[in-house]
Amino acid sequence: MNRKLRMGMVGGGQGAFIGGVHRMAAALDNEIDLVCGAFSSSPEKSFASGKKLYLPENRIYGSFEEMIRKEKELSKEIRMDFVSIVTPNHMHFAPAKMALENGFHVICDKPVCFSLEEAEELARIVEQTGLIFALTHNYTAYPMVKQAREMVKTNLLGKIRKVVVEYPQGWLATPLELTGQKQAAWRSDPTRSGIGGSLGDIGTHAANLAEYISSQEISEICADINIFVEGRLLDDDANVLLRFNKGAKGILHCSQISVGEENGLSIRIYGEKGGLEWHQQEPNSLRYRQLDKPLQVLRTGVGDLFEITQAHTRIPAGHPEGYLEAFANIYRNFAFRIKADSSERLVLAETHDFPTIEDGVRGMRFITRAVESGNSEQKWIKLAD
Amino acid sequence: MNRKLRMGMVGGGQGAFIGGVHRMAAALDNEIDLVCGAFSSSPEKSFASGKKLYLPENRIYGSFEEMIRKEKELSKEIRMDFVSIVTPNHMHFAPAKMALENGFHVICDKPVCFSLEEAEELARIVEQTGLIFALTHNYTAYPMVKQAREMVKTNLLGKIRKVVVEYPQGWLATPLELTGQKQAAWRSDPTRSGIGGSLGDIGTHAANLAEYISSQEISEICADINIFVEGRLLDDDANVLLRFNKGAKGILHCSQISVGEENGLSIRIYGEKGGLEWHQQEPNSLRYRQLDKPLQVLRTGVGDLFEITQAHTRIPAGHPEGYLEAFANIYRNFAFRIKADSSERLVLAETHDFPTIEDGVRGMRFITRAVESGNSEQKWIKLAD
Amino acid sequence: MNRKLRMGMVGGGQGAFIGGVHRMAAALDNEIDLVCGAFSSSPEKSFASGKKLYLPENRIYGSFEEMIRKEKELSKEIRMDFVSIVTPNHMHFAPAKMALENGFHVICDKPVCFSLEEAEELARIVEQTGLIFALTHNYTAYPMVKQAREMVKTNLLGKIRKVVVEYPQGWLATPLELTGQKQAAWRSDPTRSGIGGSLGDIGTHAANLAEYISSQEISEICADINIFVEGRLLDDDANVLLRFNKGAKGILHCSQISVGEENGLSIRIYGEKGGLEWHQQEPNSLRYRQLDKPLQVLRTGVGDLFEITQAHTRIPAGHPEGYLEAFANIYRNFAFRIKADSSERLVLAETHDFPTIEDGVRGMRFITRAVESGNSEQKWIKLAD
Amino acid sequence: MNRKLRMGMVGGGQGAFIGGVHRMAAALDNEIDLVCGAFSSSPEKSFASGKKLYLPENRIYGSFEEMIRKEKELSKEIRMDFVSIVTPNHMHFAPAKMALENGFHVICDKPVCFSLEEAEELARIVEQTGLIFALTHNYTAYPMVKQAREMVKTNLLGKIRKVVVEYPQGWLATPLELTGQKQAAWRSDPTRSGIGGSLGDIGTHAANLAEYISSQEISEICADINIFVEGRLLDDDANVLLRFNKGAKGILHCSQISVGEENGLSIRIYGEKGGLEWHQQEPNSLRYRQLDKPLQVLRTGVGDLFEITQAHTRIPAGHPEGYLEAFANIYRNFAFRIKADSSERLVLAETHDFPTIEDGVRGMRFITRAVESGNSEQKWIKLAD
């Protein structure tokens, strides 16, 4: 297949935040065209949004059901290749299921579903259909996160002992959801977000990042889950002790009431021989510590980096790439995978990986168990059953 | 005009660096489609490059002359709206002139031409045709640079006294041009670059940034121009004293032999009441100093920023935007200007500005006078005639 | 009393680290003279050390008992005023007790004793004698830590919600104690350190700092205590969830196996209206975050700082003061307190405070309960009885 | 000589800044006792200052002449060993001359004299007497500056090409001298400061630092010297192009009107193979750049540092040492030199160096030539005759 892929979008109408992110990410690398969308549960809003995106009227739909049905009827030469789902959590499962069952690949925002049960069901559907499913845990797509993972995998750090991952934000330090702010409203609403507040919105990113870099799985947790803003229905802060399956210990904390913090995802990881530190807000740097040696600051584009790092960087050293570029890495890799044949796909899974439905299930399990731990007097809760 | 604009590209074939940047910048905001190109002076290479970009064969051209001629013959519904010129410096003038004279708007990489004379001639052509001409001095398109400029213009700093602008790089610390590295080869070749080496490649960016933020024009310079790498034909380092037309004094230094520096463009500017500091490699922060008050770190997306700052930011605080997003701001603003009617254009020139042919002429004059100063025993050289 | 105070030292002979720190700290402000010492349990070593310090032979003692006994016999005009105790933990109680019971004030390194029981006994002795006792939790003596505490006390941050305090080091990532390194040897030896390893050496500093700045007391903890280096007898890493007595939640982690970390004590604290961040390795800066406002970087010597902040700074802005200066603040304040009459002492306790025996008891309780928690399956352990 | 040295001080009475710095620096390392002083040209103020310093009345003098005369009459067992001169510039020469001519070593604040002529005369006196003379260009006494110098000397950077040294301050951005502020008053008064304002106060530090680290001498300069604050009599800002005697080019700029800057002395130096960067406000770090390798951040106390670096550090990694510790290094080295015999002195000059009268003469020449250049239309002015 030597052509650009065609994307249909579910959600992401005017006023949304993440829809625009997905569209820019999809557009960046000239591999994907947005060809249709059901941008809102309100057909009028969907139509208005689609017009703003210069879509032809006959490719703007009033619902995801209509979109999937009608696109399927179009000829192979013009119908969409995959669906991008950028709705709130409770609206992930249904369009994903329907898309997959009608033969469309799916790329979906995180957390993957409203509940662990939905996620497990979706995993079964993905497996049955054999289609490609990508989850936009975008932070693991930064080149320096790839670099960090490879450094761990090639044993440059020795056996990993400690992981400190955190994700502080401050935007929900006041009851913003009461002001009508759309992002705050659904994220703090259990009927749309699920049982996790900060845990689902950002805690899962942190957990995913920690597992991705460490190549270890979180096996047990002990959580203190907090609601600081009066009247809020979901957690806005969480402090969690971690134990990993290959012996590392650690801490995860996420917060949306840490006044003045923007989007402060960071991770530090220490092994027997070395340590790494990465900050999402300064993503092109990776601090590398070794026993009795000077700190090294690895930078995208400088010196001997792993091939996978270079494969996720577009421009030379000193030209900062950011959030959208990392997000675009997932879209590009997803597109490559779709276009590849099955043997190429195996190679691409190593060199151009992206988060899958399995990461989605793990994320939902993390949310579920963390909330359980927060309500429990039992010290350690196992993450897997 | 309610549609995406259609872009034709000159240059930017395989192996080029800046062509890809322009394409990603053009694609990001869903306002522009690449529809055709003459990507190389070799028709074979142009064709191969266009295929990789998924262009139809009949829109891939063997030369810019062919492209302009044939596109002009196409119907209004499909022909390109503007030309993007991403060739080395000596190949800017001819395609720009021909495009303008055939009714196409132009966006062009910097420095605008091979020589000051060419630039002045091109300025006349732009004026005569009344078409839109944009120059990709991309660094002034960062949101925090817009913020800095507005802070100066609204007198938050008081009368400007001192400007320190610098642009250190290290990639030419060795004779890289002798290894066949394409970027190094043409940049150090006077027949392709013109009379400036580091001065043209990066010194003009620094000068443009200083004038843009300070709202003052450099009026006199005193330069020490150096070639440190043996055998190199153009300057690889320059130290320049600056005097501005409204009383500020300053320093500009640029270098391509500052080992280990990546793309370290930065500026500090001090007025009677306040100071600002901005670093291109950490572009979402702007340091603001006031008399006897704590340093403030202004950040994209945080607090009360000027409207123009917000208009050049896409995503919320803490989601780093970088080089490509700033570059895309120029493409998006250029597209807005083209689509606007003449009264809207006046407003857009304030709210969605971009560098023009006048900046291009000023840049060529800076290069020319700096080289002149470097060869002179006269202390101060006037920039304007 | 208008003269310099006279200090006798217990411990701190050649090869020690903290003894020299205490001496420099005592000397810095021209308020204290070192007049005598029992620098080692070996009289020969004590004598050699004293000679190097230019002490007269008759004021160098073979044991702390001899020092206290003989100094007491000297005339008021020359005998020491107070004792500085800089021995390993198991050698704090005995000299402190004897000094106090013989009328000498005491300044002592932390943790205050070998065990909680000793600390509680020492608290009774301090109370009975009415003498001054200072504990060198030196980190709370940094000017920007004073500033932070005052900002919390004057409600600039609103009600405190979250505290993240950490103290990573990497120097014990390998079994350094097996190489004969003196500092490592006693710190990892339960017969000299007590039951805490990293918890006693650095965890107590972190806990003290958190309570000092937040003006809240840690009330409950949940700890995961680790020994990563094989064969080590005391913890070299700890991750602890915190709950405070006025509603804050938090995290404390300390580590001596975090490869490449030097002495990375830092704290972040978030209230309803603002947040603060301080790093020991960059001690002259305090980051201040507010709702929807730019980050401010408060700096020693710049702008409107609290009086107590200024009273703990010696030199103007931009002249970095460090660890020794903070340490010296405790010695200077201790000297001021000794020289003051009782009404002045009340004022000084506010304006020139230092850690006391109560901080010492709290620190020992923190160590004790944290170790208990680490060995327990009970989730929360109360800090007080 | 196995005893502490005895210091007499000229200047540094109440209200002074640098006098206290010298006293703390002298006290820190237990090598020097302050035994007498003439702290002010007003005998009353001198007496009041001396009392505050706990000096006996008979060692507090009304003038430096009295001090030198009377101390000379005291027995060898108690009289001062050396004089510390901490007065404004115009009061350096006379006490230095008289002290030397009466057999006392001298340590003196910078710039060494009021004029180049005085400095050259003083150099002759130092040579004639054979006594030790130290100049407190304290910034070259930071351990990481020693490290940088050694890295250049051992050719780790290759041939040095470029030096960028700067010293921005903002404290004189307003006419502070009109408010009676003592520090501002004499520094902006040509009858007390000499012909240099910012050039003498801080520009000389920058020039000294550049020569010290690069092991090259500034040979030619081209200066733009500014007075920005209306009515001020001496320069408050200077921008200077530099050429060095072994081929390096560079820039020096100093400023006292750079609003919000504290004491921002920094240097960057680039050779054929590597680059270094050091900031006085973060003095324990030294950034080391190499061709195509990650940036290294060398830190005091970490890894393989040169012996001379370690000899100027007191405490382990991560315990920040600052301005006073660097200043103290000069006092300690000066004391070592005085106590040494002549063969030891040769070794100490390498391992425990400090700035001498020669640095003082060079500094005065730099000020003189820079002012000359600022007033000249000649592009390059030679520094030496």
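First chain written, first letter: the chains are A, B, C and D, and each begins at residue 1.
We adopt the following convention: contacts are C-beta pairs under 8 Å (C-beta built on N, C-alpha and C of every residue); 3 or more make two chains touch, one makes a residue touch a chain.
The chain list, named the UniProt way, goes like this: A, B, C, D = Gfo/Idh/MocA family oxidoreductase.
These numbers come from a predicted model, not from an experiment.
The chain pair with the larger count of C-beta pairs in contact, out of A-D and A-B, is A-B. Across the assembly, the mean Cα position most removed from that of chain C is the one of B. Remark: chain A and chain B have CA centroids separated by 34 Å (rounded to whole angstrom). Separating the CA-averaged centres of chain B and chain D is a span of 43 Å. Between chain A and chain D the centroid-to-centroid distance comes to 55 Å (mean Cα coordinates, whole Å). Among the residues of chain A, those touching two or more other chains are numbered 261, 293, 295, 299, 302. Put simply, chain C touches chain A in their complex at residues 157, 161-162, 164, 166, 168, 170, 173-174, 222, 224, 226, 228, 237, 239, 241, 243, 249-251, 253, 255, 257-261, 268, 270-275, 289-291, 293, 295, 376-380. Partner chain A is touched in their complex by these residues of chain D: 288, 292-299, 302-304. Remark: chain D residues 2-4, 17, 20-21, 23-24, 27-30, 34, 53-54, 169, 171, 261-264, 280-284, 299, 301-302, 314-325 touch chain C in the complex.
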